[in-house]
Amino acid sequence: MALKTNPGNYFEDFETGAELVHAVPRTITEGDCALYIGLTGDRYPLHCSAEYARSLGYQRETVNDLLVFHVVFGKTVNDVSLNAVANLGYAGLRFLAPVYPGDTLRSVSTVLGKKENASGENGVVWVRSTGTNQRGETVLSYNRWVMVNKRDPKTPTGAADKPEMPALVKPEELCVPASLKLAGAEPWVSGGRAYFDDYVKGERIDHVDGMTIEEAEHAIATRLYQNTAKVHFDGFGAKRTRFGKRLMYGGHVISIARSLSFNGLENVLGILAFNAGAHASPTFAGDTIYAFTEVLDKAELPGCPGAGALRLRMVGVKNVDMQAEPVTLKVEKDGKQVYHPAVVLDLDYWALIPKRG
Amino acid sequence: MALKTNPGNYFEDFETGAELVHAVPRTITEGDCALYIGLTGDRYPLHCSAEYARSLGYQRETVNDLLVFHVVFGKTVNDVSLNAVANLGYAGLRFLAPVYPGDTLRSVSTVLGKKENASGENGVVWVRSTGTNQRGETVLSYNRWVMVNKRDPKTPTGAADKPEMPALVKPEELCVPASLKLAGAEPWVSGGRAYFDDYVKGERIDHVDGMTIEEAEHAIATRLYQNTAKVHFDGFGAKRTRFGKRLMYGGHVISIARSLSFNGLENVLGILAFNAGAHASPTFAGDTIYAFTEVLDKAELPGCPGAGALRLRMVGVKNVDMQAEPVTLKVEKDGKQVYHPAVVLDLDYWALIPKRG
Amino acid sequence: MALKTNPGNYFEDFETGAELVHAVPRTITEGDCALYIGLTGDRYPLHCSAEYARSLGYQRETVNDLLVFHVVFGKTVNDVSLNAVANLGYAGLRFLAPVYPGDTLRSVSTVLGKKENASGENGVVWVRSTGTNQRGETVLSYNRWVMVNKRDPKTPTGAADKPEMPALVKPEELCVPASLKLAGAEPWVSGGRAYFDDYVKGERIDHVDGMTIEEAEHAIATRLYQNTAKVHFDGFGAKRTRFGKRLMYGGHVISIARSLSFNGLENVLGILAFNAGAHASPTFAGDTIYAFTEVLDKAELPGCPGAGALRLRMVGVKNVDMQAEPVTLKVEKDGKQVYHPAVVLDLDYWALIPKRG
């Protein structure tokens, strides 16, 4: 009898250039969107109000871009990272089309390259994953690299074709929905007072609020995203791991930090791209997440004179009173710049935001 | 650089007569309604069955009136009570039109008056808040008063224009949907045996069931309502408060008590008005809520001969075995009538209920 | 004043042949389906993708059959098992028609028989419950028996009309949707490699993954199912019970085990019938559920040449490392075959699965 369950791919199983078609397409519904609000506290009005979305040229309220990301990402786990040791990074992620409740998403990944580690125990695999809707339109695409265990640590594979990753999505590569009409936006809707014009390169915004996450919350979220990584769900098995408990899905921390960052970025209409992202430390149930944002850059958007792009660094920290104890992204340790121990997330992204009317 | 985040209004910022337009309109969906059932155990059939709702003249199942209240209320927090010390009370709340999945709600508040407290530290602000749908119809309106911190405790403001609050919504002010058809109601649907005729002034109904609320549950609910009060979410910060832990949103306790009260009030079609409401004690995760109802009064409804209004006092209590230890609303303490220590909620409201056919 | 609350039926109240019409019909929405995915991790694609469901001849994504079961079952609790001591078993359960978001379900039960126990304290009641949709079509029907307390333990009732329960639903009684078109199924959608042809009688599949369930999760699920059994919700009252804590609804354990069993049964399209089911041990918050499946039998489906039925025994176990400590369904104890102490669920069911194309 052949094995019926999925053992996941090991380092040896990945072939550069191969296409992995991921299982279980998913129709995103109003139910997913409501639950996402309940789990993250999202208040960006484009996802909350059908009328507001229509006033901006959208068909109706859109699915939060991070919910789109989690659903597309979740499908890749079974084929890409079931035997992963670590999620190492993201690059060149772009959101390419709005997703509406009722749309069905599927994911496909292409193996970009792989490189065995010196230990012989594992190696790094680079993939490019794309999410498409039921009309075949690409809504999201990104590069990701993970460290994956080898099936056989004793036999070297010689794999050494590390691909080049883009350091930055260039402003001219950012994709603004063609139908976007900024004239219709009423300022009371977001409650925010600041627009593209008001943000200053180098500025830091402390987002004030904090959010404590319980086991039930991250587990419901991660099941909603249909991410099957065992470390988030199996509390009994987790007792035998080095942490002794379940890990929170790092993507959910991005969602929490982004919802917190509404307070100070209310007029942001959406994420256009991730330039780079890192999960600096693991998070666990009971942790309280806070966030601050650094304005890294500002850019004009070709063909979209009414709005601009802010390059933002969203930093998630945990279990620290930032009023009493200021937190910076990095600190010096043994002569090296390392993440501040409270930092859990470092995400460099481009945000779409209108200019003052 | 101007402050990007919202510091909230302090006592000095409120101006009698001013209008506060609250941010983030919200389209209520089937997803919100399902999650509300999952979080509260609501079983009132008007919110559960499209067929039943249509048999009564509604377009489809309606959004639970308390979910409408929480969403409308949630929007006001950022402008009214971010710097509040205490929520002191509600009065003159009326539900004015049914809300359906797909409707978009927004909130506006008018400052009715303000009165500085003798301490000089804070003062009381009275507001009238209204929730409207996407057609501009008012679905809910209510008075609320909160104690708000002063920005500058040392400088007296002299504010002393306390408005008059209605003690009671009069039966002739209650608003029954014009389309209500009672002839279509089939008695098996609710499972209840008692109608308007059967309730007796002075009667008390013990609702039998109890509901324990965990951190994840009240936090998901309060995020769903998009209520941004920090005390419900920031568990790390809460360690530095006098309670040492997060507070549950008092409105969610109203929802729990109301769902529990279905057992004994099955034929109630909805809440018409709150006369007065008080949160007698705070509730925390792990508390188990029970409820009893006192029938305060009964009234005919002008233009609605098939139904009447019950004036009910819904009392929420916690962590007590009411069979072993009878609980009354008030007890004597030092010669004064005070709330029984187990009481957490005291809500005086008008309910719509059909007469025996 | 007559009692307003529902005391539930006692053993004496059940009359063989009587029909119990259960309260609160329920329109299942996209919101319920999304929350079900969030609570259970369901990934069977028929419930996840509208496009995939249509490619198989369905109108759109279907409501998970177990969610249908829980909603139909939940309604019966108030009339059948509010005073139950134990849920003893299920038999002859058949799913008879697909349920779609937007359908409204109601439940009716018929008392099949009752038998007083020798102790005189209680007795067993057998009912047949059916769930119907808004067009009056039966979607589900099943037999269930429960041990119910007597109101008056001192007065014998003489009830002794125990009905015959079917040991097995015969393959020719299984109901496959007439509209099912198997030609349209694309294999990448489920990700599964095994079809009807590949499963072998006697085979055992270990489903690898584990799922820890918290209080908030089972309570939200059980409220979503509108199951009103006190033991799941009242944590304060539960301290006075023999377990000292809340019990998880056994049906939710079925859902968790079924979602876990997707890993190895990906091409199963749905449950056709339960032959028999038993909750071998109670489950509590914090327990981690694992599952394995034994292939008991295989059968052709009359009129459906493209698919067959697998008779499967789904076994749920808890808090055990099955890699380190192999678990069998039964073990010998004092010369008798009893459930392995880690087993919580033993469900014998028929599953619909396509043949290799």
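First chain written, first letter: the chains are A, B and C, and each begins at residue 1.
In this section, a residue touches a chain if its C-beta (ideal position, glycine included) is under 8 Å from a C-beta of that chain, and two chains touch if they have at least 3 such contacts.
Only a predicted model underlies this, so the values are computations on that prediction, with no experimental measurement involved.
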Arrangement of touching chains [line / ring / star / complete / other]: complete
As a multiple of 5 degrees, what angle does the CA superposition of chain A onto its copy chain C give? 120
Inter-chain centre distance, chain A versus chain B - centres from mean C-alpha coordinates, in Å: 36
Considering chain A alone, which of its residues make contact with at least two other chains? 29-32, 34-35, 214-217, 220
Can you tell me which positions in chain B touch chain C when the two form their complex? 29-35, 37-41, 43, 45, 48-52, 61, 101, 188-194, 198-200, 203, 205-212, 214-217, 220, 263-266, 286, 288, 318-321
What residues of chain C sit close enough to touch chain B in their complex? 1-2, 4-6, 21-27, 29-32, 34-35, 78, 102, 104, 134, 214-217, 219-221, 223-224, 226, 228, 230, 233-237, 240, 246
